[in-house]
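Two complexes follow with subunit A in common, the first pairing it with subunit B and the second with subunit C.
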Partner chain A sequence: MTTLTAPPETAPPPIRPRTRSAASKWRRRIPLLPALVFTIVVTQLPFVATLVISTFQWNILRPGDRHFTGLSNYAFVFTDERLRAAVLNTAVLTASVVLISVLLGLCLAMLLDRRFPGRGLARTLLIAPFLVMPVAASLLWKHAIYNPDYGLLNGTLNGVYRLFGADHGPTVDWVSSYPMPAVVVSLVWQWTPFMMLIILAGLQAQPGDVLEAARVDGASAMATFRHITLPHLRQYLELGILLGTIYVVQTFDAVYTITQGGPGSQTTNLPYEIYLTMFRKYEYGEAAAAGVVVVLGSIVIATFALRTIASLFREEVSR
Partner chain B sequence: MTARLTPLWTFVAWLATLAFFAPVAWMVLTSFHQEADAATNPPSPFAPFTFAQYETLFSRDITPFLLNSAMASVISTLLVLALAVPTAYALSIKPVEKWTDVMFFFLSTKFLPAIAALLPVYLIVKDIGMLDNVWTLIVLYTAMNLPIAVWMMRSFLAEVPKEILEAAEVDGANLLTVLWRVVAPVAMPGLAATSLICFIFSWNEFMFAVNLTATQASTAPVFLVGFITNEGLFLARLCAAATLVSLPVLIAGFAAQDKLVRGLSLGAVK
Partner chain C sequence: MPTARYTVIAGAAAIALMATGCAGAGGSDSSGGGKSINVLMVGNPQMEDIAKLTKDTFTKDTGIEVNFTVLPENELRDKVTQDIATQAGQYDVATIGAYEVPIWEKNGWLHELGSYADKDTSFDKADLLRPMVQSLSGSDGKLYALPFYGESSFLMYNKHVMKAKGITVPEHPTWQQIAEIAAKVDGAEPGMRGICLRGLAGWGELGAPLTSVVNTFGGTWFTKDWKAQVNSPAFKKATNFYVDLVRKHGEAGAAQAGFTECLNAMSQKKVAMWYDATSAAGSLEDPSSSKIAGHVGYAYAPTVETKSSGWLWSWAWAMPRTTKNADAASKFMLWASSKKYEKLVGEKLGWARVPAGKRASTYDIPQYQKAAGSFGDITLKSIEQADPSDPGVQPRPTVGIQYVAIPEFQDLGTKVTQEISAAIAGKTSVDKALNDGQKLAEAVAENYQK
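And now, the complex of A and B:
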């Protein structure tokens, strides 16, 4: 095996030539190629197709009327009120779910970082929401918890009111009265365990001697948290926020099952709006243009994401 | 030097835990009740126990959906591993030039929202007559999980000590021996964790499944949604179905808690 004689990248022995032969380069690349080709074909070609479709006027309800229309679909995307509402809803939904679940996850991780009776069991029970199938979780929240007649929320309220001698509790239709909070709460419930796991990993990677030194120096718990723990956790918090954002921006299951985007378009986020344009209005050109705009927006988020992940990465490489 | 929680904070910790677990507990509990006991107000957690809902589910043919889900998840996971392991090898043990660029290319595909790919994928799949076919889902799930698997496997393979690899090479060990004796023992737990994550994401996937399948190839999440719209609302039966389809992931996740973090963070956090 000639590959085995290639010099290690970190410290090339001075006697051997520094540049590898073309053949040896290709031998290194071969194991990489199947995955690379597969990924390009399955993920990049559809994107090119989306770009092309986005320049067409194309509604399958009007066959024979498919024609090139330039950028008019984009003009539509940027002026359509429904789409603008969807952009806003996506931002509100994503920001509130990610921030609330990071905060809750941080609190839970701080608690679970300490020893207490049944800690292992508590951790196991806490990650359960993340493991329940998202569609099952959405249906569970919609029907078993938010339902105005026999959902757990109203049922419990009712039970408490009766305990205090009232006839019955209030009947609140949670999903239609508070559509966005209803979706947000169910997603926060699903994502908090994920944030907790990442932050807990960060807490447990804290160097013990620094904390010990702070304690010996008589630093208060609050000061230790602010000046030592929080800076140490920063990259874990960033990672949690970024990965959370990538996944929550794409939320489809919860909107599809809990509110169907309603009432009106109050909870219609971008993925659901694109879905409606595609499979209810059959406006393929508009749907494609909206998809391209979403991708451009994601690239902005992704640039920040890559920078953060790259910093994690550099640490590992330099080790 | 892990500190202890005071009794007050222990109480708070357990209260929070139970609050988060309550919906799951409620789902499982309701699934063992009769419909009449499931839909009472106030709720009746101590109603008689029955398997009736599960029996009904299996007589209403949930089985083909579970089989489709199992097939899509298991085969796509195997394909992902077959593609990701050599890739991760080429990105860590014998790194190609500019290997970080390749890593970021794989990752960048995860940033593109799946919804943006749905339309062209739908049109292409319809064109080649592959709508409502499990293999369509298998290909898509493979593409969806491949970047995650590459990142995770690379972080595991990067832990193979370089000195041992070099020593083995100096001793004239051939590639297969090196792979089997040095790389495999370090990489095996990582391989298991990677498979688990890919399995979870495929098993739970909904958007492609609901839009690209109809009657033959529908998976468990599609069954859940269709079952509500077709039969009206039977709360206990819904809970039974939700419990049943979540069970494989719950079991796998509980069994591999420690590996979950690393998988979910693409191997970036140990």
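And now, the complex of A and C:
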């Protein structure tokens, strides 16, 4: 990875006459046009439609009562108590999932960076949760693990209590008692492998000679980690955090499947609240406006993400 | 007018997106002389049966091909509402419930079906149960959907447990009696709880049994002149009773338990009683999935102030106005709701699987009486007693027992039950949940007050 260099210089392209007419330029572009139109249609048109819909008072259950309301849907989005709570929940959910999975991913990556028999197998097993479909993973957590009757957690508790002679253990209702942690843990399980992969790539790109020099100089393992490895990993960590944030902000499956946004609206995040607006209230205008706000928020985060990636590559090339 | 044009473009784009999303649901052939129809239906066992039986019987006799799309209840509602409301016209027939019929009829989305039923003499419209006809009729008194099967609600209990504890469950219990019994049988077997009551948020989940309890405690969502009553004393008393009962003697994980979870808890002997839909009985009596098949007792829906309190629901066939295959579609609906079809199911798949609860004659069939001996009679009487136009102690603005038949109720019911579900989980108080709910209900009521 450290040997990534600029492509070798080749002969400069032949100089073309600069005086091409606009018409001939367009003729050359014609074969590409269908692809361009297709791209615009599939990527931009739905968003434009959403923008337009977001300015309408439009409830599909009231046909004939659809009219332009300007920005009142946006006013609603910014003043609605439920949406504000949803923003807060989204922030809590995203921040905790991303930070915990980065920390766990870092630990696992450090372990996997060492040589040991069966490393390939361990790596494959650790990556597995990331490959499970989100809905399937949520169902697995809801039923196989959290269920108070037949779930793994209470089953284990029962087993432990029986070891000590009790009839059965306490029945803990995990999802209702700890709704946000329940969602967070299931998402951390899914996202830790992703973080681990990114950090592992960073660790393996670490120059061996520097580490060896540190060892020769008598630096402790902790000091080496703090002063050499961590600064080296900084950009990988940032990349993981930003990419993870973009994806986790959009979490729907886990909330829908495990808690249905509840109890109350304690785990209702923005995507789930928008879903409720769209499919329970059928207020297309409000849902579209909320969607636009989320997109704008995501664009801000994504811009930072792209900058980080860009700086990462610059660093690689200049090394 | 630019805005109008943008609306058209946006609408067209939205519809195009939905249409492409729906493509592949079944090749519609509207130009083929009405020989093929698309049917969208909910994925309940009775619907899976008809999907199996249609080809060798209906299609063979009439030459009409039927393409079925089967979806779980929530997805079905999302899809059918989108399809019909946007006039996308993908489906010729859709299963909808008693809640949707009056609302959609008012919007002009549904074909009138009474005249088709009248023309077909073998259909015997007069045989349909009166509450079914009432709940599937529009404001003009005409029939807008044909019932496929119907249900009310009742109390189911584990006979072994009651016998061991020496308890006799009355045939017409009060909620107070049920609460006492629940306390006595709680823990009758290791890990067994007294009663299962739905706690999962949703207007069709927790909303259904809770509203039937509110009705019999003297409460209502709205008065006749649209005054919101969600934090009225009767509504509060009923909700407090419900939440207390579930918290003290209800199933484990109550705030996440809906129909399916309760069915599981009851059939696996995790609870001693269960108040829910009469259509659950068929599954409880199935020895392949239920540990208590054959020793389930049944009692009428518990009451407090009203004479009866069972709810009323039916899954029914409706025809969107957009269909181009009205004749073929009506033939299919009439066949699916006919006596002939019930007989076919009985003979081919077994009499307990007959889509019952819609016709009086079903309960006269000797084979059905035998198969549904323990619950058939009480189901029929519960349905007959249900009065969707007057289910409580005061007049109502809409027809319906366990819901309010206005478009806003899906949202209102879902949000209020979310809060009550949180109260069941111990995360909030009933008072706060209902005071918040009252605000939402008042906002809805404003749309209707004159």
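FYI, the second predicted complex is superposed on the first by the 277 of 319 C-alpha atoms of A that agree within 3 Å, B and C clash if a C-alpha of one lies under 4 Å from a C-alpha of the other, contacts with A are read in each partner's own complex, and residues count from 1 in each chain.
Throughout what follows, a residue touches a chain if its C-beta (ideal position, glycine included) is under 8 Å from a C-beta of that chain, and two chains touch if they have at least 3 such contacts.
Predicted model only: the values in this text are computed from it and were never measured.
Asker: Applying the document's definition of touch, where does A:149 land relative to subunit B and subunit C: first, second, both, or neither?
Answerer: The answer is both, since A:149 touches subunit B and subunit C.
Asker: Just checking: does A:165 make contact with subunit B only, subunit C only, both, or neither of them? Give me first, second, both or neither.
Answerer: So A:165 meets neither subunit B nor subunit C here.
Asker: Regarding the shared-chain residue A:261, is it in contact with subunit B (first), subunit C (second), both, or neither?
Answerer: In the superposition, A:261 contacts subunit C only.
Asker: With the two structures laid over each other on chain A, which partner does A:124 touch: subunit B (first), subunit C (second), both, or neither?
Answerer: First partner only.
Asker: Let me test your reading of the model: by the given contact rule, A:231 touches which partner, first (subunit B), second (subunit C), both or neither?
Answerer: A:231: touches no partner chain.
Asker: So, does A:218 touch the first partner subunit B, the second partner subunit C, both, or neither?
Answerer: Neither partner.
Asker: Counting only touches as set out at the top, which of subunit B and subunit C does A:53 meet: first, second, both, neither?
Answerer: Both partners, subunit B and subunit C.
Asker: Decide which partner touches more residues of subunit A, taking subunit B and subunit C as the two options.
Answerer: Counted on subunit A, the partner with more touching residues turns out to be B.
Asker: With the two complexes superposed on chain A, say which partner A:279 touches: subunit B (first), subunit C (second), both, or neither.
Answerer: both
Asker: Just subunit B (first), just subunit C (second), both, or neither: which does A:36 touch?
Answerer: First partner only.
Asker: Both subunit B and subunit C touch subunit A; at which residues?
Answerer: 45-46, 49, 53, 147, 149, 279, 284
Asker: Would you tell me which residues of subunit A are touching subunit B in their complex?
Answerer: Those residues of subunit A that touch subunit B are 1, 3-6, 8-10, 25, 28-32, 34-36, 38-39, 42-47, 49-50, 53, 107-108, 111-118, 122-137, 139-141, 143-145, 147, 149-150, 152, 154-156, 158-159, 162, 189, 192-194, 197-198, 200-202, 205, 208, 211-212, 236, 239, 243, 246, 249-250, 252-253, 256-257, 270-271, 274-275, 278-279, 284, 287-288, 291-292, 294-295, 298-299, 301-302, 305-306, 309-310, 312-313, 316.
Asker: Under the touch definition given earlier, write down the residues of subunit A that touch subunit C in their complex.
Answerer: Interface residues on the subunit A side: 45-46, 49, 52-53, 56, 59-63, 66, 68, 82, 142, 147-149, 167-168, 171, 173, 175-177, 179, 259-266, 276, 279-282, 284.
Asker: With touch defined as at the start, can you tell me which subunit B residues reach subunit A in the complex?
Answerer: It comes out as residues 1-5, 9-10, 12-14, 16-18, 20-24, 26-27, 30, 38-43, 83-84, 86-87, 89-91, 94-97, 100, 102-124, 139-140, 142-143, 146-147, 150, 155, 158, 162, 166, 169, 174-175, 178, 200, 203-204, 206-207, 210-211, 220-221, 224-225, 228, 233, 235, 238-239, 241-243, 245-246, 249-250, 253-254, 257, 260-262, 264-266, 268-270.
Asker: So in the complex, the part of subunit C that touches subunit A is made up of which residues?
Answerer: Checking each residue of subunit C against subunit A gives 3, 6-7, 9-10, 13-14, 17, 77-78, 81-82, 85-86, 103, 107-109, 190-191, 200-202, 252-256, 264-265, 268, 270, 407-408, 410-411, 414-415, 418-419, 421-422, 424-428, 433.
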